[in-house]
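I'd like to ask you about the structure that follows.
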């Protein structure tokens, strides 16, 4: 178990967006967090990554209590997230986007006395990552000029660049075309071999396909937990979330 | 005699009142700034110049047309508002799609040009404008002599502040304005004439500044420089209040006016920086400002 | 069927990049049209150009017999077109209800506030909280809901189901059907093929800034091969 | 016996667009032109030329221009030099370049004290003279208890301190002082403190817009009506005009010149008015006097060579409508009579710009620091 | 917080690979010009220009490469001038030590101001720096050692390293030139370094940079202090050139001027601010003897620049056909 939360709660004013949630994310597993809109999934992400401070509860990452740690510190400890609304560096090239992420783990971030060419040694790794997500052809394109879907793919590549121990993906497939969904599913399955992945996703076929464990959230509380087959048969989950749709 | 912090209660009350009077000017000016910033995302560096313009228009109306203070209080803001609207329509509006810094730089240039022109035409020393007869003189409040005109300033600026606040927070027009701040293209796609709205807003903001200017004319020397340094203090007021918030601007204006007034008694040397000091402290504790919405 | 919207030879640019290369399409009164296409082929751009948001454009756009090329953006809605953008466009400084009430009503045929709240109970519950404090899905609902009030005749939706829970997607599908019954014309862009096939009357397939095919829903089975090639479905 | 390069060239360097533009500004250039015309347009049979520049109150711009004038434009002397940072900078440069400068626009006594120059002259007024004039002389008129409103920087302190000294030595006393920041808009707090001090005179140790606002608000709060007198330590006719007699009435101040003093000064005032549309203050008149005296000195020296002209300037008495019984000290200080003036009541003023009653004439010897005690190393 | 507006602060791709040569050639030509310039131009004027150019470049380091518009840079420029002048005049320090003190002082001021200001972004940041620099102005106005409005006058230039007499105009000039070139080199390296890359990414999308593990505040503060120190370098040297330090250099108008210089030359271009500074300094000098009021002109230039000339001289050049043919690239 690499990341765990106990009694996680977040109150906005009088409104409790997350209530007493316990969560365990394990190594080499894809853990899905699903639930109706507004259930509090993004908020849980924000809490885990410390973009929001929990109102109550404790969070442990790799055995360390991070309940009061700053978000950038958490990221450096190996917990990295993607955003629900796409987050790239729009006026850097695709390659640079990935290299920026590579700089930190390679201790090439604070050297203001080194030339830019010193970043050249990151190129190989960056290109590997880009080709893994099928963006190699766009390496010199400005990220702003990518279409929405390709921006999301780029974001995943950047996230992977950090070689995180835990990966938090907020709706990685949103807005993606069918073919990209296939690619990205493959990528996620691959990366999860050596790390823990926690993802929010509404695309149930993806969830069914790649997730080992599913937590269903509703109104800030855990409604059901288990593997997809179990969860998807739960009548409460069906009414609250899945409707009559077949996976 | 009752003493507060080593000074007589009476003097203390007097200074409190004076602080409130200055606060009225801060509130009016920071309100205008907040309106323009809130809706156009433009830091209106020309606000001080527009305040000065208001005073000058009143003065010139009197000199050339014999128009009295009371009429000037209406006409000058309209004139300056119109000038503002024209500037917005012809120039400022081209900058919205750019970084807000350009708006700041543009209005900075505008301020220099306006102040420079008036200094060139009317000199730096400034000119007198007398208190309207109906408000001349003063009353003895027991603890201090209060010029009636200053009392008037407090009352009328409160009225103006509350009116503006109601307009923006409580009307449909206000919600268009606020939405247009965030995503003008979309609001326009919904069928609202956004460019027109923005022009009106800038006119309103400039008009408010001019209104403060007319109010100030009988109190201060009408000089091209009257807004130059004031504007920086008002910026600080707005930062302390929290930039997005209209109510914040008003309340902070009065509060800081009072804070400054009291400093003038206890430690006058610091009275010009006390607002900046408060600003720094507030930022350290609450980066969004006292009433700011964003964290 | 009388065409409500006719687009001929539409070209559009972002600065120097030429994105639409002569889009042709026709949307009949009361029809529900879905544009399919891969990421980046210009679907969003097509919608934005029709709406008049992208103004570097050439070609012809006729709406209800009226030439829309010269109409300023803020008049487009008044001609009867409503737009729900890809990125939703919820206003943070406005409450949910203010967001709902924001777009001016352009015709009397819109839904009432009560009908809307019935359709989207989440919104009723959070009506007085700031718009962007809603979850992603709630924001999408709000974005659709607020256009329903205005009484436009043509609704343009850019990926309305993105990020929505399956129950909500179903509900939106039902809403769209209801709207269609009321005579509303809908033009939408969708990646969710399953959803699209359930609601649409007719499809346009887009590639490289052009419409490469168009077919009614009935021909879907026989077109699957082509769709598979172009879309990877 | 001639000018070095076929002409004598004078530079007027002052603020023409900034806060001190009314103080001297473009009108001073006009005054200088009048002096040249009055002198006949030529000296030693070569034409006298004039150049002017706006230093924008920036010492580096002033220094650059002065350098260019001296090095490439054959300027022989520079006049006016508003604001002390500029005056000190240009005087230091002139000393290095061995050129003459005559300051009429700056107030600091350092110009003829610690930072004096053998070629530098200080003409119209200085802080000492203002302090003696307003402080000392006013006490003799009965204003024997003082409260100061002081601008919170070196200029204000030195005015306050010097004035206080003369108030005391004349038998008065200082009951208090309050320091206000530069560029304060609202003086009411300070005025209330001054009012409650009960002092007979409120001394305004500040300048420009600050003084004007303080005076205006004093009237508003009924301070002058309550029997207290205002005394402005640096205020001239130009500012009184800006403020209006209504607000300024009863104010006392010191200037080295007033146009409506006698026939001689009236004659200049009228001529100046015709050319500029305003009556001259002591800076305008001082610049006129400085230019005129410079030309006289060139003539006397028979050359425009700096050492000789400086020697002549030091030796010659100054006698014109501006300076009566003027002499120049070894430190470069031109010592002349000053006037304690009081602003008339609105009804008393008989014609436009007729603003002052002369309360007293302060002899130059009393007004200015004895050169021997000035701290200038040139004085043995 | 993730949406960044980019136009103002966009880092221009300074050179495409093909431009390297042209660029180097330009730089060499520029340097050669500066080496012989004192033969044709007024040395003091050139020195002033170099000081302001360095100041503008230092300012641009912050605006152009981190997107932070400081409206308080006069504090560092003028503050350093005071420190250097005081050390050299009152304590008898050698000029190089005096300048170093100025740099250190400016960096320290930068640390304090930056600490408060970087808590906000964009225009808030601008306003906070403005207010803080106004505080510093009042400090300088009232502090004993600055001598109020007289300023510190007659600062001796002294001997560089104890033996190069800076009173000799050419010595002084080459000293200033050397400082300028070093300053520029530092900026160039700083911007085009791994650190610079992170700065860019922060400016592009702050939340994303945080989520990648970069502590945004530290990077910004680092850039702020660096910019302040370099502005201090320019200010310290200037006080030796003119031999005085006065209040003019700490006023907010000075902060405005350096913005104008940068804007005029081209925000985010390395050499643009140099041209901008040259133009402003020349213009002020020229306008001093014309009948036009300087403030009006400055104001109008500002407005025109913002409205129609945003890329600035160098930016426009890069974007022009000639510039592109020479291989420069310019995005707008």
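We just call them A, B, C, D and E in the order they show up, numbering each chain from 1.
Note that in this section a contact is a pair of C-beta atoms (placed from the backbone, for glycine too) under 8 Å apart; a residue touches a chain by one contact, two chains touch by 3 or more.
Only a predicted model underlies this, so the values are computations on that prediction, with no experimental measurement involved.
Asker: What are the chains that subunit B and subunit C both touch?
Answerer: Both-contact set = empty.
Asker: Mind listing the chains that sit against subunit A and also against subunit C?
Answerer: Touching subunit A and subunit C alike: no chains returned.
Asker: What whole-Å value do you get for the distance between subunit C and subunit D if each is reduced to the mean of its CA atoms?
Answerer: 76
Asker: Could you give the separation in Å between the centres of subunit A and subunit E, each centre being the mean of its C-alpha atoms?
Answerer: 42
Asker: Mind checking the centre-to-centre distance between subunit A and subunit B? Centres are C-alpha means, answer in whole Å.
Answerer: Subunit A and subunit B have C-alpha centres separated by 47 Å.
Asker: Could you give the separation in Å between the centres of subunit D and subunit E, each centre being the mean of its C-alpha atoms?
Answerer: That gives a centre separation of 37 Å.
Asker: Please set out, as single numbers or ranges, the residues of subunit C touching at least two other chains.
Answerer: none
Asker: At least two other chains touched by the same residue of subunit D: list those residues.
Answerer: Expected reply: 17-18, 152, 181-182.
Asker: Where in subunit E do residues touch two or more of the other chains?
Answerer: 6, 138, 142, 293-295
Asker: Pairs of chains that touch, anyone?
Answerer: Going through each pair of chains, those in contact are A-C, A-E, B-C, B-D, B-E, D-E.
Asker: Give every residue of subunit D touching subunit E within the complex, in rising order.
Answerer: Answer in residue numbers: 16-18, 51-61, 63-65, 67-68, 71-72, 83-85, 88-89, 92, 108, 110, 115, 152-155, 181-182.
Asker: Enumerate the contact residues on subunit E facing subunit B in the complex.
Answerer: Within the complex, subunit E touches subunit B at residues 1, 5-9, 69, 116, 119-120, 122-124, 126-128, 130-132, 134-135, 138, 142, 252, 256, 259, 263, 293-303, 305-307, 310.
Asker: Which of the residues in subunit C come into contact with subunit A in the complex?
Answerer: So the residues of subunit C in touch with subunit A come to 17, 38-40, 44, 86-87, 122, 126, 129, 133-138, 140-141, 159, 162-170, 191, 193, 231-233.
Asker: Name, in rising order, each residue of subunit A that touches subunit E in their complex.
Answerer: 49, 51, 70-73, 75-76, 80-83, 85, 87-92, 96-97, 99-101, 103-104, 108-116, 118-119, 142, 158, 162
Asker: Hey, which residues of subunit B end up touching subunit E in the complex?
Answerer: 37, 41, 43, 91, 94-95, 97-102, 104-106, 108-117, 119-120, 232, 235-236, 238-239, 243, 269, 272-273, 275-277, 279-280, 283-284, 287, 294
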